[in-house]
Amino acid sequence: MADLVTFGEAMIRLSPPNFARVEQAHSLDLNAGGGEFNVAVAAARCGVPSAWVSRLTDNPLGKIIVNNARAQGVDTSSVVWTKGDRVGLYFLEFGASPRASSVIYDRAGSAISKIKPSEVDWKKVFKGAKWFHTSGITPALSASALETTSAALKAAKEAGCTTSYDLNYRSKLWTEDQAQAAQEPMMQFVDVLMTTEEDTKKVFKIKGGAAGDQKKIDVAAYKSVAEQLAAKFKFKTVIITLREDVSVLKNTWAAICLTGGKFYETPKHSIEIIDRVGGGDSLSGGYIAAKLDGKDDDYAIKFAVAFSALQHSFPGDYSWATKAEAEKLMAGGETRINR
Amino acid sequence: MADLVTFGEAMIRLSPPNFARVEQAHSLDLNAGGGEFNVAVAAARCGVPSAWVSRLTDNPLGKIIVNNARAQGVDTSSVVWTKGDRVGLYFLEFGASPRASSVIYDRAGSAISKIKPSEVDWKKVFKGAKWFHTSGITPALSASALETTSAALKAAKEAGCTTSYDLNYRSKLWTEDQAQAAQEPMMQFVDVLMTTEEDTKKVFKIKGGAAGDQKKIDVAAYKSVAEQLAAKFKFKTVIITLREDVSVLKNTWAAICLTGGKFYETPKHSIEIIDRVGGGDSLSGGYIAAKLDGKDDDYAIKFAVAFSALQHSFPGDYSWATKAEAEKLMAGGETRINR
Amino acid sequence: MADLVTFGEAMIRLSPPNFARVEQAHSLDLNAGGGEFNVAVAAARCGVPSAWVSRLTDNPLGKIIVNNARAQGVDTSSVVWTKGDRVGLYFLEFGASPRASSVIYDRAGSAISKIKPSEVDWKKVFKGAKWFHTSGITPALSASALETTSAALKAAKEAGCTTSYDLNYRSKLWTEDQAQAAQEPMMQFVDVLMTTEEDTKKVFKIKGGAAGDQKKIDVAAYKSVAEQLAAKFKFKTVIITLREDVSVLKNTWAAICLTGGKFYETPKHSIEIIDRVGGGDSLSGGYIAAKLDGKDDDYAIKFAVAFSALQHSFPGDYSWATKAEAEKLMAGGETRINR
Amino acid sequence: MADLVTFGEAMIRLSPPNFARVEQAHSLDLNAGGGEFNVAVAAARCGVPSAWVSRLTDNPLGKIIVNNARAQGVDTSSVVWTKGDRVGLYFLEFGASPRASSVIYDRAGSAISKIKPSEVDWKKVFKGAKWFHTSGITPALSASALETTSAALKAAKEAGCTTSYDLNYRSKLWTEDQAQAAQEPMMQFVDVLMTTEEDTKKVFKIKGGAAGDQKKIDVAAYKSVAEQLAAKFKFKTVIITLREDVSVLKNTWAAICLTGGKFYETPKHSIEIIDRVGGGDSLSGGYIAAKLDGKDDDYAIKFAVAFSALQHSFPGDYSWATKAEAEKLMAGGETRINR
Amino acid sequence: MADLVTFGEAMIRLSPPNFARVEQAHSLDLNAGGGEFNVAVAAARCGVPSAWVSRLTDNPLGKIIVNNARAQGVDTSSVVWTKGDRVGLYFLEFGASPRASSVIYDRAGSAISKIKPSEVDWKKVFKGAKWFHTSGITPALSASALETTSAALKAAKEAGCTTSYDLNYRSKLWTEDQAQAAQEPMMQFVDVLMTTEEDTKKVFKIKGGAAGDQKKIDVAAYKSVAEQLAAKFKFKTVIITLREDVSVLKNTWAAICLTGGKFYETPKHSIEIIDRVGGGDSLSGGYIAAKLDGKDDDYAIKFAVAFSALQHSFPGDYSWATKAEAEKLMAGGETRINR
Amino acid sequence: MADLVTFGEAMIRLSPPNFARVEQAHSLDLNAGGGEFNVAVAAARCGVPSAWVSRLTDNPLGKIIVNNARAQGVDTSSVVWTKGDRVGLYFLEFGASPRASSVIYDRAGSAISKIKPSEVDWKKVFKGAKWFHTSGITPALSASALETTSAALKAAKEAGCTTSYDLNYRSKLWTEDQAQAAQEPMMQFVDVLMTTEEDTKKVFKIKGGAAGDQKKIDVAAYKSVAEQLAAKFKFKTVIITLREDVSVLKNTWAAICLTGGKFYETPKHSIEIIDRVGGGDSLSGGYIAAKLDGKDDDYAIKFAVAFSALQHSFPGDYSWATKAEAEKLMAGGETRINR
């Protein structure tokens, strides 16, 4: 029985090694991951009994995904298996300035996009659970995935769970207007919103000023966004991640958190990017873990940022950091070799 | 202007290295290939100006396929490009006795399965061409692909081309009855049929005796099959490939050819399998090249078998052999290191 | 709660790629495995809820081992963690005739060799369990490991489990006489013995005739060994695996099983060796799975041999086969590519 | 029929992975490339029908080079093949500060160094062509290569082509005085000169001031160099590339262009170096493509710099960028992951 | 007969490629190295006849270590071989900010930790030698290793050698107090001490001020430390290395040297880190080589820093630089590609 | 001071992994080796102090070769270094039936082909030496290499060495008639000839019957060849290796030795080929080592064959076997995993 339940798609990720383009590739590194999958892994690594719910094709690719989750201690017993459909894929190309990293999705027709609300017994899934997390990717996959997401959120609230939602707007899956129309009605079931200033503007048409410079961040504008969000949707907590893209291979990483009418701001971590995919997911997972562990708000957001800062230094979508490492980083960190 | 035109799908092939299962994979080797694509490459390597026609999504995966064809000198200027759909994939797992190699297709919704007959100007494509080749995979992809295949065969005959057709039955794409219903009407436009005894039985319900032992071959039965095929469909030439699966990593390889009422039989080559995918395609390409080069029937089938025997010793779906190597093998071959 | 519990060491295995010697290596492939670990994985892949009990150092190497078990669905919640000691390693060198594959152990001082009987609550571990499996490697690790093994077997019998024991003599861990003195007293708690003719002779001084030719097997002699074992130790079942080393890269694989006074003999599978480590463990796991699934004796041993024959074709110590594949192989198998 | 024809050597490039020295290498990554080859590829990727003329040994190494060109759509039908001589090689060692990257040439005796003017029918080659490009590497290879280069330039002008010439001084091939003596007489046939301030000083003894700091660039000095060059040799256009070596792995990249008596200056791109070989060639190819596409001077040089800035982020000597990417970068670029 | 003799442990180093964690690894890159081993290699590459003394298990891992030393021209004829014990290992994880690189030792019970003073005939070893070097790692391995180190230092002085000692405190091997108690008595036999401010404080309780900021260095404080050391232990020379950890992948590197009552300070090199392990060892080796070559103090320390700055740009523990490269870097260096 | 001195070329070998053709390669595995180099390594591994003499270009490729020799304990202090010329290369393509392995040489202009007799002080080289070995490859490289080989053989005899010569005919270096004319005069200085029946026929026009079937060997014919050779050239010993090419990946390996008028014949070893290059060189090295160790003729040739049979199972040109392994194989061998 899991404390945390997450729901969403996981894909097989294929990426050419050594900064080659996909067009140049003679081999592809294989990883597994997906927004809510990554959140479950992050929380599990921090000691939270976690479960991930999805729908998967019963073939070796689907098994890879489940094996990856189980290896990290994530419960997959509520995954819905099908003989049909397919496992979603995405191709990830690592860039270096002035070439940004980029993603080619090949996820159309995936098993989870065909999920029907009736296929998951949410009551059973949420028995004993304390927290439910999903994101704006899941409802974007199809009408029935939207319907299922909505049902899940409702059921989670009924089961007494705290609910969190990462807005995660994906322009390749739906338009900004579609995203708004579909998601606004669900926000009533959401306690904690994780997002970026950019996604908020696109989906909820809420913005915080001039904003938008990827290389320098205006915290005041971000705070205004958080306040507007909290006001409009009655979120208990709004978390906005702050990423500065100094260059493709060099970022900074921080977050602000508005909760109980109070702002918490974290230190800014300098990041030498190895793999930035899933950074936000690790933050969500770290935050949930800290809260489930009874930590206070200031600690929780700082821990979440430290834990996810580390995530940028490992290959793959999900975190391989430990709680102890994140705590050491919160306490100042160390760049010398540890021996 | 190409002497040989082929038409069909090519896919990106992803295979785990070192005999690992797909489920075990942490990286996948990437190759490109497909039945008719492989035939065009084989003929091009033997010196035939060759072109390959298909429909592809305009993304890095589609470009990989075209780059592979062009690298081998195959003309791709008649490929139809689309922004939509997807590039077909397949996962190939290399086996060792008692585990057979196996394939997982992920080709549903590929660009060529959405091809419409109107998208290719066959008259233009066949201008100056001497030979057209396609296979039973193409019409299996969709109703419109079947329609396009049929149109292509008809147009090829009208343009004065010799036509060849590899029966290539794929049970994962259609049933035996569907394959029969769809293909029998097209056989009137086919001059040369390449097939195996097994596929003939499944698609045309023609068999040659008890048959069926994968480890020992009954040539008489195979000859009977060839004769029945020639009689029923008025093929000018019927080629049946003879593969003995001594073990997963050890095969023998030969063929019989019935043409002008006469049988030609080739020596049996012992094969240490490196990669057996595309063996039949290389045979077809080698045969077409020999005929376009004016070689006699006995030479053509022996060359085709030697050329394609070599193909089993390279990684990838298509041939990297040379005409000279195949001729040396026809003349007896050599297993000593050549230095 | 697991139906099957196994107990023993798992190690990190490091092997040079591409048949290089350890002395030549510039990189080493990393796998995890160990006799009883492999048995748990094999049974889990056949659908048996399985748990593996061991003692591990809490560092990244220990985590790799547990991650591997969990990925396969094996429960590791009873593993004893320690901050001290070390994780056992072994170096595996793949050979080709006339060079045999070979192993260098670096397992001295491993965490499990320091295990104390008091560290495992066997009563709790066996709650609800139906079968317990261990092997002759575990008691060879140290005096306290022997003591713990003995306690485990006793506790398993008390909990009503069927117990199985793979004799697995390792000359690098103890002498033949030590192995005999230590293990004979424990045999009273064993229901099913898995072994080879060779190990039986060394440990129990029981032999079946001239025997000993690695390339040709004398089944009669093996049957005599089984009968003597059953008679002496009152085993319910004796399984003897029959491996012919035709060459380093080519083996045959079969087994005989004596149970209820009756002999069951399996077909002999031709094996093209990719990785022969863990073949016997997969057989044990397959056999246990079949018996727990209520299969009859003839089926169980044939399934076990088919399942473990497949295991020789994957890299790594433990099985990646599926029940369905093993059943297909029992029904005759197929060496053609499956597409 | 190609719009752009280039002429020069291409080599097989062998480079140790992961920043190892050549002396440390156990494997070498293989690429193909060469100054004029890279220019042809760059232009072809921008949509220009391009051809590359050279002389190659007919062995697998020579075929690799031609396969690489064809894969990118470059016409190689005018390559002169020989059974003798050899294919030039070079070993590339990737550095990191304070160790610069470095090159070991093994190109003596290559097929193109033995080329004779009579071996290429330039009239036929330039039929329909609009632009000819070569560089200072080709005449440095041998006396006959110089003679052939000169003949080619003359023939190109006679055929009505625009001609461009990259000065590309290679001290390992000839002395500064030899380079001057050989090349000055050919400059009368050159319309567009691509060069660096450093090479100009060495070959033509033209300098623009104090100059020479690799880490900070003095644009005024560079402009003076361009003006002197244009004045002395009557070039229609002079392009000088401006590279600041902030560190081995961090450069900036820009250019100035003097044409029609007017200077065009580009923005300076920050570059995280993956592979800086061929940067200048991509610039030349991008510039030629823009001009052949009818773009104005300001656009052409800015496009060329953007297109070649991207080239530093791919492994290999030649570009894998697209026109669309370069245009996006001209419009401001993006360092966020694109998904 | 070697001019330089070093004494200490070398280990097999196993590191996951591409910034993966050990816990993520599917393969490990294998290198060999160790403090005094690396010093011998560095000096040998600078032209000094060098020998390395140690104790090793006679298995493939021990042979790898000796093969590595011999490949670099280091004499290993005084290595003590044993059939027992084991070869020490360490696992190295490469980090990127904010994750530091880190090391997991698995060296307990290694052959050298079991060395007895009587096993090495130091008189014979030092015959004709001019310099002896060891470090604070060796005596930390065991009581008998400490005893042997002490005997070696004494014998070296008796044989007329200059002796150098790298303090190299390893907290995973002993406490600060143990290190002090064990090493202070040996310092009377040491002529040259190499150390860092940090180690000095921990072992000898000598500090130079506030100190301790890893990102900015206070040279004055470091000078004070050197003076206190020289005063207390009568060292002829004290070398303190100055590393600024700008980030995990970006450091600066310099040193100060106090000798003959005079300070020598080197320029600060900017370093793009490929592999920082062994940087200090290369410095020691470079310094010894320069002194044995008769160079003056200013030259020696500057050469040593340049030589070891380069070492950070190669994979592996020991240097692959050449004397010529280091001299070129002393003269200003070059970050442009060298071709 | 070495007991064995060998003289000849070593090259860098580049081979595509995984049975790819050179034309398919994206990376090449790098090894070092050469006939006489391999002999020195083989003998050194059997405990013989060995030295290898050659001429090498002083660049990283030349250093790789010397590092490889030194790693195996081979003395390289008599290698002649030059700043000019180049290091010979060869490309090796691994085959599988029906494709033979093959070699592309790129060795023209190598440093050793430019060697002059005056560059080696043979008197000094042979001081204290007991055996000299060279082969028919060295004199084939150039006129001056022939002259130097001849001088070396003479000097070796004068120094009292036993001399051995591996006929090793290379058709890509010279014609059969050139080989005969050049080598017959040198045979007076040769004590031991190693050869194959095939090379003897080509170079000395001596044959032993019908012969020539690569798959079945006629020992009688081979004995006749040995007798004719001994009679004509007064060799003390003639060794003929017997290789049956059952297939590309399966050989048998044996030898006959005629010495003192008596024939010694070895058992035939079944070989699963991993890398057959250098098999004969390991045999020569093993034989020399056994004789220098005072072993009798029967033992020596059997040991040599066993030692070199093992060599076929390692990647690379030279042996990584040990004396102990070869002795174990002589005693019957073992194909079971050794653990």
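A few comments on the model shown:
We call the chains A, B, C, D, E and F, going by the order they appear; numbering starts again at 1 in every chain.
Everything below uses one rule, namely that contacts are C-beta pairs under 8 Å (C-beta built on N, C-alpha and C of every residue); 3 or more make two chains touch, one makes a residue touch a chain.
Keep in mind that this is a model prediction, so the values were computed, not measured.
Contact with both chain C and chain D is made by A, B, E, F. When the partners of chain D are compared with those of chain F, the chains appearing in both lists are B, E.
Of all residue numbers used where chain A meets chain C, over half belong to both copies. The two sides are thus made of the same residues.
When every chain is reduced to the mean of its CA atoms, the largest separation from chain F belongs to A. For chain pairs D-E and B-D, the one joined by more C-beta pairs in contact is D-E. Per the C-alpha superposition, chain B sits rotated 120 degrees relative to chain F, a value rounded to a multiple of 5. Distances between chain centres, each the mean of the C-alpha atoms, put E farthest from chain B. The centroid of the Cα atoms in chain E and the matching centroid in chain F are 41 Å apart. Per-chain Cα centroids separate chain C from chain F by 44 Å. Look at where the CA atoms of chain A average out and do the same for chain F: the two points lie 62 Å apart.
Among the residues of chain C, those in touch with two or more other chains are 17, 21, 23, 26, 67. Chains that are in contact with each other form these pairs: A-B, A-C, A-D, A-E, B-C, B-D, B-F, C-E, C-F, D-E, D-F, E-F. For chain C in complex with chain B, the residues that touch the partner chain are 17, 269-274, 306, 309-310, 312-316, 320-321, 325, 329, 333-339.
The touching residues of chain A, when paired with chain D in their complex, are 18-21, 23-24, 95-103, 105, 170, 172, 214, 245, 247-249, 276-277. Put simply, chain F touches chain D in their complex at residues 14, 17, 21-23, 25-30, 59-61, 63-64, 67, 86-87, 89, 91, 93, 104, 106, 108-109.
Contact residues of chain F toward chain E in the complex are 67-68, 70-73.
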